[in-house]
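Shown next, in structure tokens, is the structure this report addresses.
As written, the chain order gives the labels A, B, C and D, with residue 1 at the start of each chain.
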Amino acid sequence: MTKIKVGILGATGAVGQRFVQLLADHPWFEIAALGASDRSAGMAYRERRWVLQPDMPAAVRDMRLVLGEPQSFAGCQVIFSATPNDVAERVEAEFAAAGYYVFTNAGPHRMDADVPLMITDVNPEHAALLPIQQAQRGWSGFIVANANCTATHLTSALKPLHDAFGLEKVFVVSMQAVSGAGYPGVSTMDISDNVIPYIGNEEPKLEEEPLKMLGRFDGQGVVFADFAVSAHCNRVATLDGHLECVSVALRTKATPEEAAEALRSYRSLPQALGLPSAPDPCIVVRDEPDRPQVRLDRMTGAGMTTVVGRIRRDPILDLKFVLLGHNTVRGAAGGSVLNAELLSKQGYIR
Amino acid sequence: MTKIKVGILGATGAVGQRFVQLLADHPWFEIAALGASDRSAGMAYRERRWVLQPDMPAAVRDMRLVLGEPQSFAGCQVIFSATPNDVAERVEAEFAAAGYYVFTNAGPHRMDADVPLMITDVNPEHAALLPIQQAQRGWSGFIVANANCTATHLTSALKPLHDAFGLEKVFVVSMQAVSGAGYPGVSTMDISDNVIPYIGNEEPKLEEEPLKMLGRFDGQGVVFADFAVSAHCNRVATLDGHLECVSVALRTKATPEEAAEALRSYRSLPQALGLPSAPDPCIVVRDEPDRPQVRLDRMTGAGMTTVVGRIRRDPILDLKFVLLGHNTVRGAAGGSVLNAELLSKQGYIR
Amino acid sequence: MTKIKVGILGATGAVGQRFVQLLADHPWFEIAALGASDRSAGMAYRERRWVLQPDMPAAVRDMRLVLGEPQSFAGCQVIFSATPNDVAERVEAEFAAAGYYVFTNAGPHRMDADVPLMITDVNPEHAALLPIQQAQRGWSGFIVANANCTATHLTSALKPLHDAFGLEKVFVVSMQAVSGAGYPGVSTMDISDNVIPYIGNEEPKLEEEPLKMLGRFDGQGVVFADFAVSAHCNRVATLDGHLECVSVALRTKATPEEAAEALRSYRSLPQALGLPSAPDPCIVVRDEPDRPQVRLDRMTGAGMTTVVGRIRRDPILDLKFVLLGHNTVRGAAGGSVLNAELLSKQGYIR
Amino acid sequence: MTKIKVGILGATGAVGQRFVQLLADHPWFEIAALGASDRSAGMAYRERRWVLQPDMPAAVRDMRLVLGEPQSFAGCQVIFSATPNDVAERVEAEFAAAGYYVFTNAGPHRMDADVPLMITDVNPEHAALLPIQQAQRGWSGFIVANANCTATHLTSALKPLHDAFGLEKVFVVSMQAVSGAGYPGVSTMDISDNVIPYIGNEEPKLEEEPLKMLGRFDGQGVVFADFAVSAHCNRVATLDGHLECVSVALRTKATPEEAAEALRSYRSLPQALGLPSAPDPCIVVRDEPDRPQVRLDRMTGAGMTTVVGRIRRDPILDLKFVLLGHNTVRGAAGGSVLNAELLSKQGYIR
């Protein structure tokens, strides 16, 4: 089988490096181009600082960085975008117009009405927006977005509960790792022995994105889910992995045991299709009183799984629980890779 | 003026050391006895590991540790107790029966109907329980408890809101420092690069203690406040200072500005009486979008102040905000010292 | 092939758990018994706190802990000992006398004249002490010790230099991870935002053990190597991995390039024999100016490799460099497992 | 007494902020101008992020930042420079030429033959270079440099030993705090759970600067001290405070007790003159086996003291010990402030 050639926009940043790491030995995709800013274009990839473990994959060390514009990516079909938000809107549209299938981790297009904001295990049916997007915009390519890292794992855990019991209210307080701020990101002088109870523009994403992803495609667009989310976001001194404390009110009452069973028994399309990056199961429920923990559990399912624990009654709403997910694997690059696997399997990538 | 002689139970633990630090140069109180377990009794205080900065006060270095029983504390009027919970119930009762005025940081007596659970800036009027306690139990001494560290700062911030608008629902997620677990407490192997979303027996305290402290003394006892609290408690890798994300529903609607004004203008008895350890103001409201922060703000008011910030509308309840307080100063030893100052000023200590 | 049945003494501690982890799926060895103190004996292994990632191997979860005495280990041939030092001397001798082959990470027997203190890649020939040990002590079993974690990696890096150029003086300053102190070990209150420039009884080990391991077996015993070591040991806030800054004076002068070549080209017996846990190579030399780094490089060779970098001229002695190794893998349990693999291959285990 | 008006170059950086903090309430000096780069000039000081505790002094909050050029500092006599190294050489010379007395923390002029590299407690007599500097360069002002942060504390501890016993060889390994890299400086992703065994261009400073400072002014210039230094520099995850492990060879042998006595009894000019920022004593020797520790001891003498401990015999050289000092107080801004106090007292500032 010939692999699909892919390019990575923003390949030198923290999320771009995760794309490289996840794609370096991928069974279906082959990295053919690495994009960077003017400042880095022309350099070998190994000349830029690699911030992940283990070391940079040998196959990409000598690749030359190219400018992040469509003509530099000739030969690629699929583009994974970790482009900075301030240029992503324009750049990604140019690539889609030029016929590339763009899978983006950037924010600007996420809430566009005709762009699927997609978690393969939650709303694969939103891919039906793509023909509408292409028709409306006159694009031969398309843009598919993955969600904010914190919203991804929250929505993944909410999905089975929403299906089974109907969500009415969701309170969420996040404790987010520094890698969510990119590299170099958070100064040690800011976060050591500290918690910063603020992440710019993060709470609105947590309060909006789940409603789109848990919404219903009605043939023309997505009808947003009808529940309210209240979010508090905090930065803590962890390297990877976002932890979230959640309380929910349900439309149909459920016991903690029923909620656990709904989460445990949840099965979705990626597992059925055997997608290479699909974790199985996509949700793990832990029974210990003090799990999930960030360092212990973030690599569950190679970082692609959402881990839930401490499901118990809430004195005000109905249930409360804790969830954890890896922010730069499933919550960023890995989510987009899995989106591309799904759409490839479903014939959207031709 | 002759100083009041005080003894400290559990003087070698982390909270016990805070008592020593706060009392070593106190204008009204003088440390006359330091209690410890069988294992340490007889040793000089300096032979035990001191975990605070700066170094151990010179005045106590050569004091001999005594057994934690009433006869060892002859000459003391006031007892500050940092006794471990498993023996506190019995030991503190013995001291009160023997005529000592016991100010305790331990948990067992906090919810006793006739024991004031007291924050000087919140419910000084609950001291009226003391004659009832003495009459019912036949004690010449008494027991006054300070609250759980996390509950102390939560209640301090809720008090002006409850007075002004009436609380209906309170949702709180804490991020608590390791010093809250005592010394040696939390292993580095457990908390480094991690968050532990569980602290044994902590959430019930947060859900109950504020209701007692914000309750009304009706002449015979405390009628608990009528609102619900839902708590999630987390241990994070900070040394001192508990941060809490709070959402509240109010009986009378209020804007963030009105809430801020209620908090800012709040004045209470300790400031009016000029108690030596009273912070002034007892609540500080910060306007910056990213404050309070644990390391930057925990020593506000020498660790005796509760700091509030990010007051904003909540999409589900009415308001959300962040609060921070020092857990072993105001949240433990300092709270009890201030309780003793108040009762001394009011003539309860004779 | 029938696997050799092995037992683990001190199986519930941090190093004991590493033994379990490394042996749970070992091609030659099979865990048949797990020893613990009186307090834990009789419990299922899963009832004790597991401090490693990933989760406890399924195969041992339901094994019952037995008392750490020879009769409890009937059926085992090999004993891996992570027994606390205060009982290791007596207990390990009892096991060896009872015919068990004991591979110990504990300290007491390390400097015994007839006990091999062995790193497979450094001094496998010291196994020749075993018949002498058995004859002198009348044991049918034997004791083989691995070295102190910090000494292990220091000695591994010094070996090729000693062979090629002859060591005369060695200065070493260590920065050691908290896992070296066991679990719970180092309190967060002690090490957060701190370095502790002292580790009890550690510097003498670093100054003595390398001399034994780099000594020569003369047919009757080990003639210690003739150079001096000066050690400063520090505890830093890392989880795993000991970093060491080293300066050396050589008997035959060498350039940094010659030293790097000596380290890079070093080959030893475990690789030649294809031992299952042997890293290949056993020493990795990094060229970057800022490597090895603790978090980035400690898992090199699955934690069994010693990583060296920054080899440069020293203004006082001859050369200076940095080395890093995993303290609980190669520096403890992994070192002993590799010792057992070697002696098994060489027929010492019958 | 009228205060001397001072300006601060590079006032928005981490060291610049320390200057502001130390000078905001100084008895002799008054902040009259705050310099910054083009990007910030014109802004109020409060608009720039303050990274120290406690909060920014009220007196400077509304001061307007000015460009870092002589005409902007009219009215000032003394300039404290925390200018970045890449422009410091030129800018500081312009200020000195324009008649300002420049006290710099920057590196470029430190090793100039006619610039005093000065620690008030070590080599105040090097101020005699100033008339030579002014004559040679035709300046009415002058430049006095303080040393590298790590070299400052090393040299402070070596001075009494060099006076008493004569130094022959010095081996030093540093463990340096992140604040030494400025703000934002070290990324959390780089240093969390890590040690970086490399700090660019740091080791040469440690190997050279002490020789100048411990050199002898011979009437025309400084004759460097005649001993060798070998340095290894490491970045560790501490906020403030550099720890150094040191081994020394002495020309006259000394016991650990004699060395401790030499350090303890050392007295210098700033204490005799009663300079406002002079710590008394300037060196503290701790007797505990595990001190100094970074977090516990860095604020000794308000961060102006060098703390020494663990003085013991060295198996290769003569003695080994540990020293600690605050890097941005005594090791940077505080050192320059004390230099200015001394020269002011001695009439150099007219």
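The working rule: a contact is a pair of C-beta atoms (placed from the backbone, for glycine too) under 8 Å apart; a residue touches a chain by one contact, two chains touch by 3 or more.
In this text, all values refer to a predicted model and were calculated from it rather than measured experimentally.
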| item | value |
| --- | --- |
| Which of A-D and B-D has more C-beta pairs touching across its chains | A-D |
| Distance-maximising chain from subunit C - centres being C-alpha averages | B |
| Centroid distance [mean C-alpha coordinates] between subunit D and subunit B, Å | 42 |
| Cα-centroid distance, subunit A relative to subunit B, in whole angstrom | 42 |
| Rounded Å distance, subunit A centre to subunit D centre (Cα mean) | 47 |
| Junction residues of subunit D, two or more chains touched | 192-193, 237, 239, 295-296 |
| Touching residues on subunit D, where the partner in the complex is subunit A | 14, 51, 178-179, 183-193, 237, 239 |
| Subunit D-touching residues of subunit C, taken from the complex the two chains share | 169, 171, 173, 175, 192-198, 207, 228-230, 232, 234, 236-239, 243, 245, 247, 289-296, 309-310, 314-317, 320, 322 |
| Contact footprint of subunit B on subunit D as seen in their complex | 53-54, 192-193, 295-296, 299 |
